[in-house]
């Protein structure tokens, strides 16, 4: 049979550029490929030769949606080389700024990118015409997240106040205080938001994932913890390289990750939630229960609910931190520059973000490796899609394409960190 | 610092990129000014620029007249205002052409390009009191025939016979019967009594430099020459500092200067 | 005002941060959407109006042959083309490849460099097509973005001064970090726009808005060296997000290859 | 006008700040921030930089501890009072538009804040007097400046320490405060007292409320000594009597090229100078096209746009821009306003990131060894 390739429209509302290709043979999906075209930018190559002090500012530029994640990963990894461990208020401030990014990123994804799918709009702007109040409140929520980042970090995108060892300047109580009322309003909205999205029409779907997330004895994981999974993995971050492997496939500039000897795994909000439900605040737990979620969730279509539960958590956590805040005596801790290698992983809004650096005795980077969440999830996304598309093959192409888009958006694939437009290619053989 | 609102009563396209607006102040009162003064004109939403008044000072009740060349965004927005539209006016500002000093003397008026606009109120003032002055000569240079400003009016004045009007263009095609060459080439041919003449010059800075030199060659002293300068202006009233030229504020001390004061300043590069 | 102008947002090699700035204008976003037709903005909408656009905001640099073609198409479809951010305006951080061997870079990052199709250089949009206006910053400042859009709608010149960051710093009442704390700062040679953020946070500017209108990098470098900056660090400080802008590139070269 | 002086102690000084606040003034004065002494709101004597001083030189400023508890033992810092009287950003007017034809313009109200400027030095009094000439005494005044200025209460301080870049003596502007204040203070740090005198009736009224003592002859003499000592320890000197002629006769001096090689055209000197007054205006519009406004903002002759005329800029080179700045300060200011534009405060020297020194530049043009 002649090869027939159906080209469908671009996929929008994902951050980054890519395409989706489905190969159909004999009425069954043979292969689904998430192609990531984001032009390579070679961060790991040009980080070599830079001073350790420059790394957070440079890695922030990997992604405009989650710069804090890259700043946190790199600072912590380098701090391990320099023998720095932050505690007290500096550690809290780092959690605070990360909460800002979680709120910004989750609310952006949930309301600006994902909710329009469920409600049948092209965009949040179009959605605003009928759901003005909801969109406005969501924008305010997002703005509050951004304001945390601007207050602590200087600006929301590529903050300038994060450095190895802490911050350049720490905020005063007076500077943080105005955030409190906004966060409290945001928290109230978040409870409502969880309820609103929980009523969306979700397909039934239970996937069997190996969830991988950080777990910390005392808190919902952001910057610290052990790498654990629901299938028995429980390792220190230092064992990441031994445990996970990245491969390079032809159809993508993002690298694919697997657990050595086991295969695909899934990181991100669903994994974090399912592995750390007990560490959520009572309000967040209750909101989740009322939304019909159990302590674990295997339905990727419900990820939007989980994102908002996490945003709710982040708002409460931010409130807690600000209420207890006392400015530390110094904005940063100085380490001793020495040769060595250090790695770290943090929980970016989209999942585990791993960094490893080797420095020479002048503090110059000689080796850098960064594993972004989207590339870790790519094999899982492809597996899921292969399975979903099978059930949709009878749909008209336009409808099929729309379904695929929606399905891909479940994973909030920040393609620019690995990689925009998703072009759907259906090769029906 | 707050503009008054005026309304466009009439807009006339003079030449390709130059229009004349006749404005009416919103309070309905005539706008009085001296020849050579300017206004700060605001195109609302766009910005404010310095524009000379180009009307007849003795007929202020006929409206406030400005002639504007569209060179950029703000001047473009002002020049393209249409009948009825609002425009902001601050002014009149600056020291204009001293008319009285020329009573009893010959008058030479030299204009280059749009420089004719700020000189027009002076021409009206002189013509309105024609018998107070000796010979009146207008030397005008434009880039090409299509660029000649106020053409109909120039014709009218020419027909009066009591003014000597010479027009030249830098370049022309065959259908131009007038003179070709820069405006300074008109000076040697003009007839006036150099020892008893007041000259008024306006045009691009480089043109004014050469014009002043040509007039000097003809025997007119710098003390008897007046030139109008342009400098960047943000306030028009000596507070913003932008229009400084050495010791002077062009907006406040000028824009019209006697050349014995101006020449030393013009001779310093990038002053 | 007649018909609403049609706005398109395009992405080339970048981190998405600059276009995200538009979504980060939470207070103005709906007003912007009311004032212009957002005709093409894949990051925010799957709706797409085909054809020509009154204004295109272009993010990202040109790093692939495909993108070099695509920008030509964007140009022909746009009445006014505005580049947003350091990538689009100066090549971005990825332009560090312009000083290196791309093959070697690819081999460091990818197991199969042969799968990677990329140009030897990362170049600004203006190196490929005519650009009406450039908005600086890594990332752009969202107030400046709203300013540019508002100015475009009103038909006025946007207020985005090209002078030094120092002026903004002083307008804010900051204490100079270089003079009072001895910290090297690129503020004097850096284009204004950010509101002098870094000095407000007690650190020297690292030049993310690129060179100001008349930068004297030679004199500043001399002073930073006097403050203890090594040649190597002098080279590094000019080698970031605007490394490929002419002024920073030349200064970079003065500090060793 | 001065009256027989009295002395007050720190409590008296504190009472003074509170008395001013009680009269509805927003009291602003020297206080510590970001390792410098800036001018900002002060609520009590505790907010003053007790026991601190500064070390200043071309391009450098460092705070250092004094070995006493002096409250005014430092020279001028990065701020000047113009930030209050001639603020960096001033709204001028707003216009509301309905339809294409109707525009309603409303001037920004000049409801002034009532400032009490606390701790104004002699050079700064002169600087304020100079800005008065610019903004009040010309043919067109600035209503916003006028409103703030007329309300301002001035507490001056005689300098007890010359800064490393000070040269008020050369400019005949200090260190002794002459006129233009409501109250003047001289700190006798070693005695923990301040000699105070009133310069105006309202100054006298305020002083009368403070706990005080008659100044002894000894205290008065000590105050005189403090000022004399300051005058004798200026960090910089400039021969200023002929500087007008000197600069205007040397507009093509090679030294301008030399300074252009060093000058960053960053404009810091103009921003910190207490007399520099230049501004530009920004138009802004909202997204709905119904409102626009104009705002005035500090500008500097070091920018390209400053002298921009269609087709090019009058001063494209740093050479001509620096020359404009310096000749304006020291020479053409005399022609424009009948006074020097420089009061010898030294800020432009200290806060120039590369330490360009106006006194040295003058000396170099004069042909003195620098």
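Each chain gets a letter, A, B, C and D, in the order it is written, and its residues are counted from 1.
Keep this in mind: contacts are C-beta pairs under 8 Å (C-beta built on N, C-alpha and C of every residue); 3 or more make two chains touch, one makes a residue touch a chain.
This is a predicted model, so every value here is computed, not measured.
A.B. asks: Which of the chain pairs holds the record for C-beta pairs in contact?
C.D. replies: Max contact pairs: A-C.
A.B. asks: Name the chain whose C-alpha centroid is most distant from the C-alpha centroid of chain C.
C.D. replies: B
A.B. asks: What chain sits nearest the middle when you go by CA atom centres?
C.D. replies: If we average C-alpha coordinates per chain, C lands closest to the whole-structure average.
A.B. asks: Suppose each chain is reduced to the average of its Cα coordinates; what separation in Å results between chain C and chain D?
C.D. replies: Taking the mean C-alpha position of each chain, the two centres sit 37 Å apart.
A.B. asks: Measure off the straight-line distance from the CA centroid of chain B to the CA centroid of chain C, and report it in whole Å.
C.D. replies: Going by mean C-alpha positions, chain B sits 44 Å from chain C.
A.B. asks: List the centre-to-centre spacing of chain A and chain C in whole Å, with centres computed as mean CA coordinates.
C.D. replies: Inter-chain centre distance comes to 25 Å.
A.B. asks: Compute the distance, rounded to whole Å, between the mean C-alpha positions of chain A and chain D.
C.D. replies: 51
A.B. asks: So which stretches of chain D touch two or more other chains?
C.D. replies: 283, 285, 289, 292, 305 - these are the residues of chain D that touch more than one other chain.
A.B. asks: What are the residues of chain A that contact at least two other chains?
C.D. replies: Within chain A, no residue contacts more than one other chain.
A.B. asks: Tell me, which residues of chain B touch at least two other chains?
C.D. replies: 45-47
A.B. asks: Pairwise, which chains touch?
C.D. replies: Every touching chain pair, ordered by label, is A-C, B-C, B-D, C-D.
A.B. asks: Which part of chain A faces chain C closely enough to touch in the complex?
C.D. replies: Those residues of chain A that touch chain C are 9-17, 38-46, 48, 50-51, 54, 57-58, 61-65, 67, 104, 108, 112-113, 116, 122-126, 128, 135-136, 139-140, 142-143, 146, 154-158, 160-161, 163, 167-169, 246-250, 253, 255, 331, 405, 414, 416-417, 420-421.
A.B. asks: Using the touch rule from the top, collect the residues of chain D that touch chain C in their complex.
C.D. replies: For chain D paired with chain C, touching residues are 33-36, 38, 59-63, 78-79, 83, 88-89, 261-268, 271-272, 282-289, 292, 297-298, 300, 302-305, 318, 350-355.
A.B. asks: What does chain B use to touch chain C in their complex?
C.D. replies: These residues of chain B touch chain C: 45-47, 73-74, 77.
A.B. asks: Within their complex, state which residues of chain B touch chain D.
C.D. replies: Counting only chain B, the residues touching chain D are 1-5, 7, 44-48, 71-72, 75, 84-86, 88, 230-232, 234-235, 237-242, 244, 246-249, 252, 268-271.
A.B. asks: Once bound in the complex, which stretches of chain D touch chain B?
C.D. replies: Within the complex, chain D contacts chain B at residues 92-93, 95, 97, 100-107, 134-135, 138-140, 142-143, 248, 251-252, 277-281, 283, 285, 289, 292, 294, 296, 299, 301, 305-310, 314-317, 319-320, 324, 327-328, 332, 335-336.
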